Every structure is written in C-alpha cells, then in structure tokens.
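Notes to accompany the following structure.
By letter and in written order, the chains are A, B, C and D; residue numbering begins at 1 in each of them.
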Amino acid sequence: MKKAHYNDTFQLLKPKGDMKKIRVGVIGATGYTGEELVRILARHPDVELAYASGKEAREARLQDIFPYLKNSVDLACGAFSFEEAAKNCDLVFLSLPHTVSMTVAPLFLKAKKIVIDVSADYRLRDAGVYEKFYKTPHADRANLARAVYGLPEMNREKIKSADLIANPGCYPTGAILGLLPGLKEKLFVMETIVIDAKSGVTGAGRKADKALNFSEVNESLKAYKVLEHQHTPEMDQALSEFTGKKVNVIFVPHLLPVNRGILSTIYVGLAKKMTANGLLEIYDAFYRKEPFVKVYADGSLPEIKHVAHTNFCGVGLCVSEARNLAVIVTAIDNLSKGAAGQAVQNMNLRLGLDERAGLG
Amino acid sequence: MKKAHYNDTFQLLKPKGDMKKIRVGVIGATGYTGEELVRILARHPDVELAYASGKEAREARLQDIFPYLKNSVDLACGAFSFEEAAKNCDLVFLSLPHTVSMTVAPLFLKAKKIVIDVSADYRLRDAGVYEKFYKTPHADRANLARAVYGLPEMNREKIKSADLIANPGCYPTGAILGLLPGLKEKLFVMETIVIDAKSGVTGAGRKADKALNFSEVNESLKAYKVLEHQHTPEMDQALSEFTGKKVNVIFVPHLLPVNRGILSTIYVGLAKKMTANGLLEIYDAFYRKEPFVKVYADGSLPEIKHVAHTNFCGVGLCVSEARNLAVIVTAIDNLSKGAAGQAVQNMNLRLGLDERAGLG
Amino acid sequence: MKKAHYNDTFQLLKPKGDMKKIRVGVIGATGYTGEELVRILARHPDVELAYASGKEAREARLQDIFPYLKNSVDLACGAFSFEEAAKNCDLVFLSLPHTVSMTVAPLFLKAKKIVIDVSADYRLRDAGVYEKFYKTPHADRANLARAVYGLPEMNREKIKSADLIANPGCYPTGAILGLLPGLKEKLFVMETIVIDAKSGVTGAGRKADKALNFSEVNESLKAYKVLEHQHTPEMDQALSEFTGKKVNVIFVPHLLPVNRGILSTIYVGLAKKMTANGLLEIYDAFYRKEPFVKVYADGSLPEIKHVAHTNFCGVGLCVSEARNLAVIVTAIDNLSKGAAGQAVQNMNLRLGLDERAGLG
Amino acid sequence: MKKAHYNDTFQLLKPKGDMKKIRVGVIGATGYTGEELVRILARHPDVELAYASGKEAREARLQDIFPYLKNSVDLACGAFSFEEAAKNCDLVFLSLPHTVSMTVAPLFLKAKKIVIDVSADYRLRDAGVYEKFYKTPHADRANLARAVYGLPEMNREKIKSADLIANPGCYPTGAILGLLPGLKEKLFVMETIVIDAKSGVTGAGRKADKALNFSEVNESLKAYKVLEHQHTPEMDQALSEFTGKKVNVIFVPHLLPVNRGILSTIYVGLAKKMTANGLLEIYDAFYRKEPFVKVYADGSLPEIKHVAHTNFCGVGLCVSEARNLAVIVTAIDNLSKGAAGQAVQNMNLRLGLDERAGLG
C-alpha cells in the first residue's frame, strides 16, 4: 500500500499507526450518489467507512438500508451530527443538496478535515453566477476561492493538495472530457460548441416528484432547461480556464429513460482541415495514460452500456471533412465518473493512494 | 347508429332530437384513467364529451393538457363543479380516488344521472369489508346495494339497466376472467386458487411518490401487499357470487417496470382429470361471442404486448395431467380493459349502443 | 361520408355502388409498420382491409397473428400474391424492405392501382444518390419521377392526385416539420442546421439482430451512422425543394430504449434577431390548420409520450437572442406519423376522404 | 491472503512460488455470463485472468471488446484453443452453451485442471433426464457422477474438493435458496410447492433472436415453457437430495423487461401452524453465517434492485396463518449469484480463498 500524502495544513490527519486506514465519512448516504459512495467505499482497500448520515432522522443500520452490505459494513446511519462526523473522520464526502453543502463544509474545513463536496456549491468561482443559477446567495464566499475543481484529467496536481474539492457536475464531466484535447491544440472554433446531452434519471436524485414517476419517464424522452441549465456556467468556466479564452457552450440536456448514464453528442467546427484519424491521434495522445478515459478507435463510438457501473469515460468521434465539423461522443455513468466514482478518484489523488483504488 | 336504451327512472336522458348525442362527463380527467377515458370518448362515434374536471383548481383547455386532442375536443378542464357537470351531462364517469367517489356519486344519482364509478367505492357490497381494506367507513351505504359490478362477461344484463355501475378493479378483471369458465363447469378445486399478478406502474396512479420514481421501479420487480391487497375481497366477492360458494383466493401482486398491462398467472387444482384441449374447449365456448375476450389456441399464451392499448383480455392455459393442475394466464391493459375501456364498454351496454363502439 | 376523389388515370377505382368501401391491401403486414397499418385500417370507417400478406410463407389468419383483431377483421395473411392483391384491392400499401418495394410497385401501377410505398424506394429523385446510400442500383427508374413525396404539410395538393406516393422516412418527418415555417420565412442560416435525433427501436424493424437484443439496447443509448445515415439525403432533397436552395443538414441519429417515438432536437442559426414568441407566431400561423401538427406555447416543449400512439407531430422551440440561435424540438411516433399513420393520412388525401379518418 | 487449498489429484496446480497467483481462464468470454466472469476476475485480488476465448474466431484484445478493462487486463481473446488454455490455466470456467461444455470439460479434467462449468451439462445426475430436457444424448456420462452441484449454501464442503463443479442454473439458485431452511425443518407440504419466477433478459444469452428484440420484450411480460422448463428437473433433483424425499415442484418462468435479476415468488403449504416471525427465525438461523444470503426482517421483502450487480440472494416471506400457507420471495442477479458470481464463489471455495474475494 502506498503512503498517504497530506499537505501542511492537515497534519492532524496523519495516521497514528502504520496499520490504521484513513477514516472517511459520507454525509447524505441515502441518496443515489450517497449510496454509490457507500458501495465503493465499503470495498475500498485503503480507507475505512467510519461515518454515514442520511436524510431521515430515524436511526438505522446501513446494512439494513442497503442489504448487500451484510457482513461488510456495520455502521449506524441516522441524522447528521457534525460532532460525530468530525470525531470519526479524517475526510468527508458531502453528498448533500446544493445550498446545504455550503452551510456544512466550513465546519469541517475549520476542523481541518478534507472535504470533497459532491454538490454544486463550490464549483462556480463567481458567487454572482451561483446566485443567478441556483436562486440563492452563496453562504460561504470565503471558501470559494480555496476550492479546487475536481476533474483529475484537468486539475490532477491541484487536487493532490486541495483541502476542499468541488466534485464536477455529471453533465460537465461528460462534456469537458470530450473537448479538452481539441481545445488544447486549438483545433476548435470556440463559438460553435453545441452539446446535446442525454442523462439517466438517477441524475435527478432520489425524490418524490410527479415528473419523475416511472410512467412519465418510461417510453418517453424530453429536452428540459434548454439553454438555461445550471451546469452551463460550470462548463463555460472550466473550458475558459483551460483555454484562457471566454467560452460559451450551447447546452441542451434531455431526460433519458435509463437509470444510469449520460451520452453527450458534441458538435464543433474545426479551425482547420482534419481527418477523423488525425483528430483521434490527438485525443489518444492526450488520454493515453489516463486510468479512466478510453478513446475509441475510428469507426466505433462509446455507448452508455459500455461505461455503466464503471468509472470510465468513453470518447469517440467522427469528422466531416466537407463541413469542417467534428462530432464527438462521450459516455459516462452519471453516478460513477459523473459523481461518486470521480469523488473517490479525487480522494485517492488527495490521499496519495493508487488513483484506481476501489474503482474496479 | 343504434338507438340509445334507457330504463324507466332515467327519462330525462332521452335525446331531444335524433341528431343529439348522449352527453357524458369525466370527473377526474387528468389522472391516467381519466386521460384514457378522454382519449376514448373523444373519438367515440355516439357520445359527446361535454364536461371534464381535473385535480388542479386552475382552469385549462383539455387540448392544452393533452396535445393530441387538437382539432377534436374543445373543452375547459378546471376544478370540479357539480352544477356544471349535472347541467352538461347525462352520464358521468367518476375517475376519482376511492373515498372521494362516494361523496360525489349520490349527488349525480339524485339528479337522475347515470354514474359509472371507476374507483373502488361501490364494488364491495359489505361496508365492513370496505372499511377494513380502505381504512375509512363507507359514506354512502344507501347506494351500495344499488350498484352493479360492471364486468360485462359476468353481469351484462344487469349492467344494461343499472343507474350506478361499479367498474371492476384492474387485478380482479384479469383474475376473474381467467377463472369464470372453469368455475361455471365446477372444474376447479376452489380452495387452491393462487393468483400471481404483475402490473404496470400506471395502476398506481399519476402521483408523486418516491417508491414510484423511475429509478426505483426500472430494472426491478417487487411483490407488495402480499396476501393483503384490497383487490382480494373484490375477487372473493365476485367469484363467490358467481359460484354460489365461498371463495377465498391467494393473491400476490407485483410492480412491473412497464407503463401499461397486467399479466396474471393463475394456479388451480383440477377437480377431475382434464387435458389442456378439453379445458380450452370449455373456455372457448364460454367466451366465443365475447367481443373483448380472446382465448388462445393450445400451446400459445397471451402476453402483455398483445393487449396493450386495446380493450382485450387474452386467456390461455396449460394443464399438468400428472398433477391435476391448470395454469391459466390472462393479460389485459390495466388502463383499458382494467379501467377506462371497460368503463366505456359498460357505458355502451347501458346506453344500448354497440358494445364495441369507440373501443377500436 | 365524403365522396372519394380520383384522377383520370384511375377510373377503374371508382366504387361501383354508393355503399361500396374502397378496398385496400397491406403488402408486408407482419412487420411493425405493417401491423400498425392493419390496426388503423381495421377501424377505418371508409375503407375495407381486403388483402394482407406477410413475410412468412405459411398461411395464417390475421386475427391469429394479432389477437386484438378478433371480431373485427377476418382475413388470410400468407405469402404475397400479386394476382390476389390486384384482384382484391384498389389501393395498396407497400410495407416492404427497401430494394423490395421497387420490384413490386411497377406491377401495381401498371394494373392501375394506387400505390403508397412506405419503404425508401421512391423517396429520392436521384437514382445515383439512392444507389450510394442503399448500396444497390435503383430497379425502377421509370417511376421515380412519378412519385410524390407524401408529406401532407408540404405536398398536400400533389398527394391528392398522385398514383405513387413515397411515404417519408421517420427521421425526415420529424426533422422537416421542425424546419418548414422558419425556412419559408427565410429566417434560418441554412448551412448551420444540426439535427440530433433519438429514435425508438421499432424504427429498426421486427427482426433478429444481436444489436437489437433487449439487453443490448435497454439501459443504454448510442449514436449510429453519424453523418452518414440514409435519411440525410432525403431531408436535404425535401428542404432544398421547399426553399429552392441547396440545403445540407448535419444529422446524427441515436438508438433510444423505447418502443415508439422520435425526438428531434434541431439547432439552427437565426438570420436576424428574433424572440421565441416571434418565432412561435410564425410556426403557429404555418401550422394552425394542420390536423396533425401541434405547436406548443412558449415555455413548453413536446415529449415523446405526448405523441406516442397518435398521428401528431409536436413542435416547440427556444431562442437564444444573445446567440441568434433557435433550438427547435419535435416529437412524433415513428410508427404512426413517421410511417403507418402518415401513410393513411396520404391515403385519405388521395381518396378525398376526411384527412383525419381512422386516425383517432 | 489465505493459502490456496488443493486436493490430492491436482498437485500440478500448486503455485511454484508464494508470489504466484492462480491462473484462471474463461472459455466463452463474450457472452453475458462470460463478460461478467471477466469483469469479476479482472479485479479479483488472488487470481490472474490468464486466458480468454470467445465465440468469434477473429482475434481481438479483451480490452477492445470490453472498454472498461483498459489498464487492467491485457489479454488476447480469439477462437478457443485447448492447448493454449491448458498451458496457461490451472482452473477454467466453461461459459459455453449446454451440449458444448460436455465436449470440452473431459479434456481439461484429463489434463488435471479444475473445471467450473457454468452450462447445464453436469447438473443432472441422470443422463436420461438430461436427454429429455436438452434434446440430445449426454456425451460425457463418465464424468457426470464426479460433478458436484455448486450451490455453496447446500454443498460447501463437497465443493472444496471437487474437480468438476456444475454451477447451478439461475432459476434453481433463486428457488432452492428460498426453500432450504423450511425443508430442513420439515415445515413444508412437499407436493404444494409453486414457484412463479420472473427473469431478466440476459438469462437468455447474447444472441440474435426475434423474440428477444427490444421491441418484443419491452413494455411486455410473458410466461414461457410453462411446467416444462429445463430447470425444473434441476430443482427437483437438488431438493430431493436435500430432503431425502421425492420432490416435484410446479415451476413457471416469465420473461421480464429488465436486463438483470430474477424474482421468485414461492407458494408452499405449511405442515403445521406457524407465524411469519417463527418461520423467519428459522430462515435467519439457517443463513446467519452465509456471506451472500440476506434474510429480510418481517414486513420487508427483497426486490431485484436490492441485489442487482451483487452476488447476494435476498430472502423474505409472509405467512397466512388462516390458510397454513407461506409466500417466500427471493431475489438474485441472474448473472451474478445466478451464474458468474456464484461460479467465482465456487472457485474461491475450491481454492481455499476467502469465499467473498472479488465479489465486493
């Protein structure tokens, strides 16, 4: 086992003995992302799931909520208690609704705990943009600048020493990974980026909502929040930072009748003549060493089923030479690479573990 | 067009001119069954959809709620008004939650309107059994005895002159139709009837409920209300009345990840040696003239897809001669033969129209 | 009932008596589109389903293949016989695989029968383009020029007197209907049209194919034939004819895990500043009298479930004024407005019947 | 890591050095069960996936067939070669169609390799019964007696020293696990066992078959092979061996529109008065130490989603005291506990590893 890695400000986290596993907690363990975090952490070889809290106040055993944890995790899961969580954990995942995370994260940061926030609360640097899209003022501006956007393929080094990691949204993960290599090589006409994304229903969370009733979603498909989804500024910010230029994508999400998975079909003008193979070579070089991005050979494209229940992002593409246009397709599991899996990947990076540990 | 048929007590319903269509209303038009009623009635050749009300108070046009009604129905759909409904209709469908229907039906009956109640409120003759299974005292015992159980294959003649028709539940429709011919010929060992039924999700209604969220139902299957579902006494009552003996079925429903349809697999001991063909002949004879029951030839069985979006009940069976056992399979569309379609079939019978009118 | 309308060359079709219904046939009745044709024609008030043939050689009764036809259609369905079909029908629907239709259509045309071809064989005017996309030379170039592209919203008058109607493809129907009003008013930047379409699986036909196995399609989504689907030249041809300018769309289809339905998300640059309401007014005016196109009010968009099992096309849109961009969303049922329903709509037009007859 | 355990006849399997992992092969790696085996073995801590062959003759890299294997498995996957497999493996999984396994297994056994056969070929002791249900004479009767039925909850000790393990069928696994505790305590009336099972579509294998086309299965449900499914004699044999009495179950399988999972609803008469809690205590005691069977508390029942993508079997039950009847519900993932997961569990037992290794 590799040694855990800590930055200066988190000396208290150092394991007291060699044998001691890092203790982690999941705040919000009963939603879809929380469950996926629990599922992954329960089999993670290098950390110990030491705390879990759920939405419901009532005390329960985690293995009664998730029967498949029998004989692997024995842990209470009740209402959230900061004191309990802080006492038992070195690192916490906040799998909370946005607007809630930002009231809890400062407490853990003050107590010198590493925080990986799976909500949207620390993704946008500009509190004004946050307020515009999330309809509430930001309650923890002080820590906004401190947050590192947790997309390993873009920010791996920064993640390794971050105290507060803002885990990316599911749509941005699929979209950004489809664009980085071409943007890096300045191959794309920036103002032409169209992202047509289709997401499984777990992306909307585990909640009672007539619009998410099985009979409303099954045998149907709809576009929603067309040109105004809250993940749009997150994509724009990440791509602008990456390129150093102002990027504004055209983004339309759709609600897909599957449980898990996002397929993103990206249309972008090419700044110069290119073949599919030429573009694929650039993508392949960019992602060759990435543990969780798979570039497809010419003629094949990722499908949701290829990546469901894995932490992989599949990337494939086609080129119209006549039109100077690339169509890039990416596929991820929205609960894994789009949420819990990526959060664990970030944890692994932050703790100096094998980046793939616990991720299949 | 055949002439409408009325019984003595409903003289006011007689059309004033030859050209006048019977005016019908749907109380509760925005649920799944209500929508299916509207869909069928909008294309029914012999009646006019003259009133509709929904759950929401807000006034809307029906064709804005259901876009496919453009150019076929121009009708307001707002909060329920008894006065409006009574003024505009000769017959009303109550597509309301149980416990609500029984507060509304007496008003219409007093106003000499024909009532077809799609809820459970008038199906059980015994108010005590109703209270046990629906957890509330019956509020209209006076009209209970008056109600006719609207299963045409069992009660066609009574339906033709009923003022208050209790439209059967979806599970009972599928189960009872699988048993009638054998029961009539006294071929079954009554205490052995096991009904394992699987229903699509629209059976649970159009509502916000975490347990009905797409991601909870999709890629899953569960049994629920095992041995205690409220449709059990309804089956017992109908089968007991039909046979003249006390019947108690063993009934287990399951929630199936499809929108529409119920498949019922019925296991029953045979009172005497029989072949599959021998039993099929009896079923075929019983149902030969039925417009909406199809008996399958030996070796083939009904599937949900055969009957979805139709008013048909498919019936097939297998026999184990070694075990003296029959396995009978029936399939219906829970929203059509199991609810709205059967309600219209009942209306057609009551009004003396072609029983199949409007039912494709 | 309105009187049937015939053009000069088809005098033989005139009904011999007032009571006689037009006799129609379905060649290829056992595929998904063929079944849908049978389903619609069986309840059509003004025509008689007088002939059906299937893929399998074995003789069967249509109501044994489709159980819900009990008591409504009594017809044999065996191997195709031109003589039988020609003897019994005035009009035939060819619901055959492409490359097969063009070997059969000339026979019926020669026999003075009206032909509605649901395959792709007569949609492309240019036999060279046909050969490029369908990988075989066209076998009936003589009749190509005679064919009328059967999109009523574009070609209603021509359809009324056509002997050979080329029923549009499912993807082109959804895409073209989303573009016509804006193109008519010259509001769109022609070279920017991106069509991201998602289709249910019945679009691929009723066949054994590992890639269409339930477990391959369910819980997944994939793009396919990216930028090279055979429906692309069909869209280009129709839009070029409509505008009088050369149009080349960017088209990417996806395989969606639903049985029926296509959602098309169309991205197009605006030639001048427009608001969503301004654009909607133009769409609304264009489609106001159309019996089967529903324009959605601002803020709402069509979903597949709104149109499934109907002959409607729903059209809605959003505008980004900052980007001079419109996102147009259309929804159709690929088996109805995208195939069988539209074919019957064409038949109604051709025979001078109510355009909506039999289409609910 | 625990030490591997071998029986006398397989001395060649002993690791040459402490560091050496057991080398295993998957014959038939590209079907659904084969893929699941590869997925599990790729992350198994104690064995090395050293050989894989597929159905197609064409040579390919396993990580190109299954993209999520990038960076974890680098292995060719081509046509089956016994020599290659025998050279590279100590243990092989035969994930082949039945009737094929029995031609391959003898070769490996002769070469002193451990064989875990996931097909049906070695499950039935009686070659006559095999021929009756699988429509072909058994080709390897010599090894039939040697095979151990690989249900750990029934045969754990025998499995630990078996050379040839017949991995149970998916339906028998779910059914038998629902019955063992009650049968052990002689609580059931043996001739009354009814098993109504519903299986996901991967149970039918990865193949081209019109009946498995998405549009045929989706939005439907059907019973099939009623009272004559080939898994019936397998259940009868196992239950008869376990009880020492002749058992004949009544078994009806259904094809469920989900990818993975089997729910079995079992109806059985009680030999004496029992409460649900009384029966649950017996089940709980029987399965308390089992790593992969979870008994549900009174009032709750397993659902497919609880066990999908896990190796668990969930068991719950209800009792009708009035009827002396138990309804037992079990849920498994047909590809995991019903096939590949159980095969690895058997491998773990046979090799003396932690029974849960790799099964997360």
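Keep in mind that, in the parts below, contacts are C-beta pairs under 8 Å (C-beta built on N, C-alpha and C of every residue); 3 or more make two chains touch, one makes a residue touch a chain.
Because the structure is predicted, anything quoted here is derived from the model rather than measured.
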| query | Among all the other chains, which ones are in touch with both chain C and chain D? | reply | A, B
| request: Could you let me know which interface, A-C or B-C, is made of more C-beta pairs in contact? | output: A-C
| message | From the centre of chain A, which other chain's Cα mean sits the farthest off? | response | B
| note | Between chain A and chain C, the Cα-mean centres are separated in Å by 42
| request: Can you check how far apart chain B and chain C are, centre to centre, with Cα atoms defining each centre and the answer in Å? | output: 35
| message | Show the residues in chain A shared as contacts by 2 or more other chains, in ascending order. | response | 216, 218-219, 257-259
| In their complex, what parts of chain A are in touch with chain C? | 194, 196, 198, 216, 218-224, 226-227, 248, 250, 252, 254, 256-261, 263, 265, 267, 301, 303-305, 308, 318, 320, 323, 325, 327, 329
| query | In their shared complex, at which residues does chain B touch chain A? | reply | 32, 200-202, 206-210, 212-219, 257-259
| note | Counting only contacts in the complex, chain D reaches chain A at residues 39, 43, 64, 66-68, 70-72, 219, 291, 294, 296-297, 302, 306-307, 309-310, 312, 314, 356, 360
